[in-house]
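Take a look at the structure below.
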Amino acid sequence: MISRLLARLDDLRPPLPASAHCDLPCGVYDPAQARVEAESVKGCQEKYQGSDDAVFKERAVQIKEERADLVKHHLWVLWTDYFKPPHFEKYPELHQLFNEATKAAGASGTKGSMEASKAQGLLDQIDKIAGIFWETKKTA
Amino acid sequence: MISRLLARLDDLRPPLPASAHCDLPCGVYDPAQARVEAESVKGCQEKYQGSDDAVFKERAVQIKEERADLVKHHLWVLWTDYFKPPHFEKYPELHQLFNEATKAAGASGTKGSMEASKAQGLLDQIDKIAGIFWETKKTA
Amino acid sequence: MISRLLARLDDLRPPLPASAHCDLPCGVYDPAQARVEAESVKGCQEKYQGSDDAVFKERAVQIKEERADLVKHHLWVLWTDYFKPPHFEKYPELHQLFNEATKAAGASGTKGSMEASKAQGLLDQIDKIAGIFWETKKTA
Amino acid sequence: MISRLLARLDDLRPPLPASAHCDLPCGVYDPAQARVEAESVKGCQEKYQGSDDAVFKERAVQIKEERADLVKHHLWVLWTDYFKPPHFEKYPELHQLFNEATKAAGASGTKGSMEASKAQGLLDQIDKIAGIFWETKKTA
Amino acid sequence: MISRLLARLDDLRPPLPASAHCDLPCGVYDPAQARVEAESVKGCQEKYQGSDDAVFKERAVQIKEERADLVKHHLWVLWTDYFKPPHFEKYPELHQLFNEATKAAGASGTKGSMEASKAQGLLDQIDKIAGIFWETKKTA
Amino acid sequence: MISRLLARLDDLRPPLPASAHCDLPCGVYDPAQARVEAESVKGCQEKYQGSDDAVFKERAVQIKEERADLVKHHLWVLWTDYFKPPHFEKYPELHQLFNEATKAAGASGTKGSMEASKAQGLLDQIDKIAGIFWETKKTA
């Protein structure tokens, strides 16, 4: 539902939503980077479930691990580098949201499981963060 | 102009355009990953031009180099892993487009210059590739 | 002064309690990993200040950037992977401490400055986190 | 036993003398970096032995491999960058100690085995190197 | 056959064939870098086939994946950074050769299989590219 | 001179000298990997000397640093993973050769200088190691 809503908000965004981060800072941030990798985590889990080739399944475990690491990295960057004290005042749940989302990408979440429902939960958490992110951009 | 057009096509895309790649393959690809880093390259060039702090400018050169490497990587992945022989038959210009875009990200393009026009040229090339990419997705 | 003291205590240490992290999880964590890199950041800043060799100074800027990235990474790992909900309840300041420490390692802190006082501030923040970390270990 | 003892001494430590290395050089070195990763290798082996979850065990193999690589890297840095000709004269066994310790981290040691005794052997070798390291620091 | 021929041409090459690449550019390129990693991929496949140690086999799958990534990277660098428009005019098959060789290193080739014949096919493709590479060097 | 000699010995080698390493081990090693990167280091130094473009020169410093790191890495791998106790008995100078060559790639050598003579000295040291390496292969 909220994801549907976000999707719609997406359509209203100006042409170049996807954007990178570097700690120059270049000033470019986008939750899409974390979402992309979380989609890939989900794809690895689904393909793992749908295969009975032992080597392929092993590769899925391995590659999912790397992608989950990237999810964590992109979220950490947003939490430390994009969000500023006024944001944390306005959205007091932000710290916990990020802490839980990065945990959901890690050992207790998508790293420790081959169930695609885990990645879906992570995607939902990223969407919540993205919702706040785009709100702050509008008022910036 | 064409970039404006692409932007408009962007609005028609389904909800989760941003998507990652891994060579499992997880089946998730998106030109947004290359574009994000190219935006960052442009940001580094613009901030370099606007600053007279020698250390900051040096950091801009250094960080831009890494971001330009990521642009090349994301484009190479699309060229090798997403596009298949039928695509190359239908779009015979694809090989050259990718070769020129990755060159434009490298030493003869954004790596070798601090002018933001170079990154803009690269962004335009990525948009052309993205246009073809999304066309192939619709007919897939 | 305190650094002198630490150095002295150092001599009394047996060979090397320190411990690593991985997200298996292997269960091994230690704030020393972040501190080590922050010490290196400080060393780069001090050597930069003490040199008038342009190439050496450029290398100091470049290497400091990488080391500051490692500080951020090691702190993020502690925040997401070691600390659990009960910790955040007991130490409600933890989220902010980590957010500020990782910011202090980044563009607004040690990345954006060649003054060793910036790295010293970062080291002090890491020490606060380490103090809490070791308290939680004792009661664990 | 000795590990118990170290753990106890650990509690007495002030927050974190440990220190990093970079090849500026920043002048900061510490065998703790290698030891930390070797502890993690051991943790991966122990958790592998204690689990009967096939995916978890596969992840343990994978993560241990990366951690063992880090052990080798940190030891190589000490051998090349910290130790100087006078050290090798005073401690003629140093070359062999490092060669054997890095081999013990590799395919013939902790990489090629899931037995924690292998990691313990590696930890003992790192402790010998650390003993010499701290001796040279006192006389420096 | 052609590989035998290339080997012979190899003997005619000047003393320092092996050469690196960086995108300064330093001007140093060599297909040997890709070939080295492809040899390693083949070695991993052969050792996998010859072993019945489950952990060893898992490590072979994991390490082969990384080596195959390096093959792709080194080939992409040659395609984008070494070869220039006049080369593509003279050797119109070059784009396809590189596209197929990098695909052969990926999921549909050496990544997705533990058969050494896949790596041999990749090596043959690298040799074709190397043959053209050395021809262009002679006329340069 | 000795380099000329090595070059000649090179001609006698079987067709596929270039070879990679991984710590499976795949059994493939080749000093060419270190040499390639050392050539690149030299190229960076020469292009630095020949340029008066400040940004280009900064990039040369930065890229040379990374390439020198790769030289060190490839040499360390040979020292730990390829050479075995019988080799060190037969060539007692090997430990020192490797220690000096990796130091020559580092801060006191090619990292700390923009003079191509430093890289040439490093290349000569790599050639000495390569000479011993190929001798051991013949008798293996």
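We just call them A, B, C, D, E and F in the order they show up, numbering each chain from 1.
Keep this in mind: a residue touches a chain if its C-beta (ideal position, glycine included) is under 8 Å from a C-beta of that chain, and two chains touch if they have at least 3 such contacts.
Everything quoted here is computed from the prediction, not taken from an experiment.
J.: Touching chain C and chain E alike: which chains?
T.: A, B, D, F
J.: Quick one: report the Å distance separating chain A from chain C, using the average Cα coordinate of each chain.
T.: 26
J.: For chain A and chain D, what's the span in angstrom between their mean Cα positions?
T.: 34
J.: Nearest whole angstrom, what separates the Cα centre of chain C from the Cα centre of chain D?
T.: Using C-alpha averages as centres, the distance is 20 Å.
J.: Going by the contact rule already set, what residues in chain A reach two or more other chains?
T.: Residues 23-24, 56, 58-59, 62-63, 111.
J.: Can you identify all of the chain pairs that touch?
T.: All touching pairs, sorted by chain label, are A-B, A-C, A-D, A-E, B-C, B-E, B-F, C-D, C-F, D-E, D-F, E-F.
J.: Name, in rising order, each residue of chain B that touches chain C in their complex.
T.: It is residues 55-56, 58-59, 62-63 of chain B that touch chain C.
J.: Touching chain C in the complex: which residues of chain A?
T.: Per the stated touch rule, the residues are 23-25, 69, 72, 76, 79-81, 88, 95-96, 99, 102-103, 106-107, 111.
J.: Going by the contact rule at the top, pick out the chain E residues touching chain F in the complex.
T.: 3-4, 6-7, 10-11, 14-24, 26-28, 30, 32-33, 35-40, 43-44, 47, 56, 59-60, 63, 66-67, 70
J.: Per the contact definition, I'd like the list of chain B residues that touch chain F in the complex.
T.: 58, 61-62, 65, 111-112, 114
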